[in-house]
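In order of appearance the chains are A, B, C and D, and numbering begins at 1 in each one.
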Amino acid sequence: MKKYIFELTIKVRDYECDLQGVVNNSNYQRYMEHTRHEFLESLGENFGAMHAKGVDAFVSRVDIQFKNSLRSGDTFISCLNVKKEGPKLIFDQDILRCPDNKLAARGRVEIVVVEDGKLTRGEYFDSILNQIKKE
Amino acid sequence: MKKYIFELTIKVRDYECDLQGVVNNSNYQRYMEHTRHEFLESLGENFGAMHAKGVDAFVSRVDIQFKNSLRSGDTFISCLNVKKEGPKLIFDQDILRCPDNKLAARGRVEIVVVEDGKLTRGEYFDSILNQIKKE
Amino acid sequence: MKKYIFELTIKVRDYECDLQGVVNNSNYQRYMEHTRHEFLESLGENFGAMHAKGVDAFVSRVDIQFKNSLRSGDTFISCLNVKKEGPKLIFDQDILRCPDNKLAARGRVEIVVVEDGKLTRGEYFDSILNQIKKE
Amino acid sequence: MKKYIFELTIKVRDYECDLQGVVNNSNYQRYMEHTRHEFLESLGENFGAMHAKGVDAFVSRVDIQFKNSLRSGDTFISCLNVKKEGPKLIFDQDILRCPDNKLAARGRVEIVVVEDGKLTRGEYFDSILNQIKKE
């Protein structure tokens, strides 16, 4: 069984389903964003507060594979792992349908950090990620 | 303290905030829809399953007052009461910010029920609502 | 035939339709917001630029009646009129399906203006609305 | 100058911008979906009508690179090319900001076709794509 450093349980909301009767693809990207931001909060940081400080994490690339559609009434676990590659944060994110843990979607999301309008080496996340290693 | 027959705790997702830094107004309507559908599930019914049976609950009117903006990081309780007025279901829905219970938004939402394309007298909900009275 | 001071033609996007196969109700509120902001641009003002100047227009109330559902493939005209009532701007907004002009939704939207965090008497819009009267 | 077989001009809607003041990443995926569906309509097919016939095009993978953020007030051209690779339709999609044609986002989107619940070899699109070659 694959291990993740962060997991969030989410229920599908019906307005997220489109006329095909399944969750619209763009919402998986939203679930993944929300999961990253909740992960950040679990480490004592908040996305809105970061923006107010002049530090913005921007997504530079998303690569999402859609495997099994989620539907009205479904609950799922949104899981992630993270590592640093050069200046980028790389998130590996899986969305697993409950209760059978079937893979609904798998994403790789690259993040860069901009401070006061300038691209950084991602130092902002070094101390945050160090917390995880210690745990 | 006002009493509600159903309450759901929800966390703001950052993508729901707009460039003003607060939750975009349209999302309160979405929170309220999700709350009604979760209320329905608590009574053993599912919105998607109803649609598959040819029974559709349609919103005929929403009236929402916005009192205090929700922001990134906020958690809130989405509460509702419901009654029948003629063929309509009338939901009174309050969104209360945590932890101070400040009123963020108050909505009155009217629902009609369409079966196989025809407007009904709302009989579909009679048995469901009878459950509540018994409790 | 009712007259409007601003009209915008919009095409339904499929991701705006939900599992009932019709445009989700919350999206009418979004169409109406977008129409107000385009109206503002037609008068030489931009919502994002206003926010950057410390002036925010906030919706204090929406009352929307849903009459005929829009569907995949539909085009519609989003129309508005506006007047001032005390410190509030009141928008009357109709959404008319093309090509038969059938009323899809009718909204009344109240707006208040906050400058540097303080509720104003709405003076900000006086000069903008004066432009319309002159035309 | 790169050539595309389909182009659609779109204006940013303010509710698509998030608290960072730029278009939220998930909306580029939505712009790209809308562009594919409008492309389909230009060829005489409609996504909702396909679903009603039991034919569903599902996204199996999206890979989007975000280059330059779109903001409130921006207009952009959403462009695409398409080819078939085995059973998949592959869309190359560029989003170019107006009026400087700066690349805002670049996507590669894979589509599979499911008929009556079964994965197909994508024959459904063969005749549609043949139209393009003839033009």
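Convention: contacts are C-beta pairs under 8 Å (C-beta built on N, C-alpha and C of every residue); 3 or more make two chains touch, one makes a residue touch a chain.
Everything quoted here is computed from the prediction, not taken from an experiment.
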Please tell me whether A-B or A-C has the greater number of C-beta pairs in contact.
A-B
Report back the single chain whose CA centre is most distant from the CA centre of chain B.
D
In whole angstrom, how far does the Cα centroid of chain A sit from the Cα centroid of chain D?
23
Intercentroid distance (Cα basis), chain B paired with chain A, Å
28
Could you grab the centroid distance between chain A and chain C? Build each centroid from C-alpha atoms only and quote it in angstrom.
33
Do you know which chain D residues sit against two or more other chains?
14-15, 17, 19, 21, 24, 26, 30, 33, 47-48, 72
Help me check something: in the complex, which residues belonging to chain C touch chain B?
19-20, 24-27, 29-30, 33, 47-48, 51, 56, 58-66, 69
Interface with chain C, chain A side, in the complex: residues 14-15, 17-19, 21, 24, 26, 72
Show me the residue ranges of chain A that touch chain B in the complex, using the header's touch definition.
11, 13-15, 17, 21, 30, 33-34, 37-38, 41, 46-49, 71-73
